[in-house]
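This report concerns only the one structure given below.
Chain IDs A, B, C, D and E follow the sequence of writing; residue 1 opens each chain.
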């Protein structure tokens, strides 16, 4: 089933002249930031197709835009992708490429030196039921500490927006936070937090997905050529980031400056950039694992993620470049 | 000079339709306040009827019913097809309009004047203001006028409507005797020219005799018609003429009886005049 | 019978302070409307002064100035230390209070009555309502009353204030002759008992003669004092007595001259009565 | 005469009043509710038709059956009632504080001229400040506590209430002010006995707007702090959106609408009582 | 007489009027502004004192110098003016549409009884709906376009405007309705010539509240989608918050406050004009 909707308004159909790509003005979305700034997307799409970008400030808006046929593809985190997949019963989206991995830390204040010290403390996560929230709860459960979704238990989990986490950590209202970059680095550099745990250490190969690229299924079906061009640009962008980190950082900050008027501080950018791996591999195992954890602690109804990936185009592109294929398992 | 209702009515219902006819009209406010009790009255075309009665006897209520602003609890009211203009007991001017615009609004709505231009209306309004001795005050706002001046603007507005039936509720109450006399003359002139039917409420018995073809007396709560006086004095009449004074004092006596009858219980605490 | 101001004044200023004194008071509204022009007038303690004048000549303005509700543009006003009560030209009742509560509010504020209990106030309000022939209507709301009834409530409220100076702006304008007569008697009685100083605006010359110790005539815009008539008829007087009527007609003649003088320009379009 | 009169009225009763009376028991309720029911049915019907045309897939734009089913499910959960109870408690507390604050500020600003010149326009300025701008300050002042939420709610609603009062004061008929002045009422007494009651209609409409502000601020503020063991409507609404759960979101929207409508009916009842007392319900014809 | 009169007035002029006149040139502006200036100074002083006490670290609660410096920096950037221009354009467009919609709905609901019974309470219900609840629908209807933002703004402001009008209609003095009826004004004409002008004060205060709702909805709506590198006040505010940029956040709050105050002054001017024309500005004593 191709989404079920008619091809209204958005320009689907034979002569598609624009591709609408969404992303967040966020360092974990560096693939998009660099790709746009450096013109990789525009170049790949050619002169007949224009790129229209939309930046979202959070997952739900991106999902709504995908659902409403307002964007064709977007960079997004694992959680909204799972939600979009499960709420549409597998009809709305496909993950077509990975973008970034790692970059999530448990930052705590002075005096907390081990997991045991977390007992009775308040730990912030970005959003109830998101990857980090699930990760911290699962981790604590494994360590024998109880939590519940209402902030009770041995460790009190306080889901709140990352910006607020910075403030409440600074004022001492919370004792730690399980947050992605650049917030982890900011907690460390600005509020003298210290890293207790790198989430990567909890995963096999120290790899877990933090950002990937999803497309509307209908778009994929009708314009596989355009999707391919997007993925080509995507791969090129990731390659550039790996080959020229300095140039990439400059591009990232330039684009952030454009979008939000303020670049990241150099030290935060450096530290955050160092902690994230930009990879085309969607690290399917971590997505499935995370969903599995979420189900185990009761934050997610059982969901069948079979078919959420469509990596054939990505693998074609990788093969053409002589790189190793990635797996959807 | 006093003639009971019964004798008078037949002589009036001789053929042509009256302009206003009330047939056993009653009005109850709320649950139990009977304001009007089976009032039967008619105003012929071109007739000038004055309504007299104690304070609170139901005169304004009656006018409201005739104007269609309120529903009678029982009985029938027929105003034929004639257009009705009314001057309320309060001036009821629109505070957001200038004096002139208040009158122009009335001119604008009047069907026969639909085709008039704005300038024509403004000129007509200025004429009407001259007539009520407020020439040149068209640009003022109602709150800048004195009580009597507002009342005169309301009069001008009512006359601007060019209606067939004119209901007036104490239209000259806030005016000095002289201005009142001058406006009596104007009103009489217009009434004649336009062949208006007028139902005119007043507390000034001389005024009633000066203007009316007929003076109707209402009793106190509940209001009922207790007496009708045809006034046969030749026009033009003068308020300070002896005949008017004489007739007025006769009517006043009758009214006095009526008011006293009502005022009595008020001296004894507890016994009230309401229908409780 | 007519006596010019100059002759009268000295005989009045013989020692004791007047209750109200206006000294060359002028009032300009806006930029150019001269409503009062150097008005000099005083009301002695216990005196009953009636103010007559054409519509719009500045009577209400003068009362407002005396009451301290507005500032004079020039001149001085002295009301001594006496408390002032006022009855406005409109009833000005508080629509959110019942009739009784409107009066009780006045009783409550009156300093001498501060210590009264709520029940006492309610009883006193009921008495006052009886006095204005509205006994038993205390629980009604103002909008449920007729125009004249509202005016009487306002009278009761003004009397409830127990003031030394009473300013009344056409207090009986909306009342029938009989009710008016009854209230004249009441007012006269209270005035005597309480030794009130009263400044009383009316358009009814007989009423002025019936009640006043002195009748003051104001000219038309701008308002100035043109004549003062001391009324020496013995009390109690009757509105329909010959002496009252005679005196009234003399004053009316003078007033007529004044109003005509003012009304004239209105006949000629363009020439206006305002100070433009 | 009195006996005759009441008899006569009794006669009229038979004609008219009792008829009206009878109407008022069942038919009047019906007269007030049928338009609402038909409106609801109409909306549901249009909604269902739009869904049936297949305009958008069900997971984006679910039909009334799905949404009402979801609502029904939620109504079956104890958690839902906890959420409603928590939110309504906060709304009422916050609103009550806002009314107090708004009254005091409105009263002061409306009558003290320098205060008005100084802070009058600031009130609207504050009113336009989005709730999220207050979050950092709320947390600074109150940490992660219920008070932080209430702070945001009060800041949202109080300006509206103050503005309602100020508008009422400004439009108090001057004649009533004069009457009060003549009665010897000054300052506070004038305020209490004349200005405040005269401003009541405008104040009431300010209260209504204030409630809307309070509620919206609350919906935002409830995301600010998630306090141990307390779920809330704002949180559930946001969760539904986070999870891209369209039926859940719409179900919560219906819940919010219903609460809003119920509150409006309370205000409406107060308003009607006021208008009846003031004689403003007399309509023409 | 006329000559004499104007001469006399000229005399009075010399005494009083010209005095008043002179005051009105400089001193009156001063009289209106000094309270505001002193209020601002007072607020700044208190703020600085709190900061100096070291209550909270500077990066969480910056002092006025820092914040005003930050504001000054922003005022030096072209981007800031773009943001303000974009947001104000959206606010005005959205508000204009909301006024139209609110007028039509308010007019219909206030006069047609079944409509009122059906939808009257729904208006407040809609008013209490937080903006985020509309986002999915906005995107569904208008994709990622400016219209989606306007949709949210209109849904936020229109109920308020409609409610203001309805309150005004409800409190139109019956005597004026009667006067209009007698003049032969019916339905639309009665509405246009009597009810609407009589409702103006309440409508105006509804407009003011509507503006506040519109602005707040806009601040939220501007986060919905950032179109092709168009920056806006809402976005800058949120960015400052996202980046925990306390001075930036406060600078943007000041900008929002100033815009709110300016808008309030416009409404205030309209209000004063209205009150002067209606003679409601006559105060006692």
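As a working rule, a contact is a pair of C-beta atoms (placed from the backbone, for glycine too) under 8 Å apart; a residue touches a chain by one contact, two chains touch by 3 or more.
Keep in mind the model is a prediction, meaning the values are calculated, not measured.
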### Query
What's the overlap between the neighbours of subunit C and those of subunit E?
B, D
### Message
Touching both subunit A and subunit E, which chains are there?
### Response
D
### Query
Same or different for subunit B and subunit C, when you check if over half of the residue numbers at their contact belong to both copies?
same
### Query
Ranking chain pairs by contacts, what comes out on top?
D-E
## Note on the structure
Distance in whole angstrom between the CA centres of subunit A and subunit D is 41
### Task
Compute the distance, rounded to whole Å, between the mean C-alpha positions of subunit B and subunit D.
46
### Summary
Expressed in whole Å, how far the mean CA point of subunit A lies from that of subunit B is 83
### Query
Can you give the whole-Å distance between the Cα centres of subunit C and subunit D?
47
#### Entry: Residues of subunit D touching at least two other chains
56, 60, 135-136, 140, 178, 181, 241, 246, 279, 282, 284-285
### Query
Going by the touch rule set out above, which residues of subunit A reach two or more other chains?
60, 64, 67-68, 167, 171
## Note on the structure
subunit B residues touching 2+ other chains are 68-69, 90, 144
### Query
Residues of subunit E touching subunit B in their complex?
175-176, 178-179, 181-185, 189, 193-194, 197-198, 200, 277-279, 282
### Task
Please give the residue numbers of subunit C that touch subunit D in the complex, ascending.
64, 67-69, 83-86, 88, 90, 92-97, 105-106, 109-111, 141-144, 157, 161
### Message
Which stretch or stretches of subunit A touch subunit D in the complex?
### Response
3-6, 59-60, 63-64, 67-68, 80, 83-84, 87-89, 91-92, 122, 127-130, 150-152, 156, 158-161, 164, 167-168, 171, 173-174
### Task
Would you tell me which residues of subunit A are touching subunit E in their complex?
9-10, 20, 25, 52-57, 60-61, 64-65, 67-71, 162-163, 166-167, 170-171, 186, 190, 258-262
### Summary
Counting only contacts in the complex, subunit E reaches subunit A at residues 56-57, 59-60, 77, 79, 135-136, 139-140, 143-144, 223-229, 231, 235-236, 238-245, 248
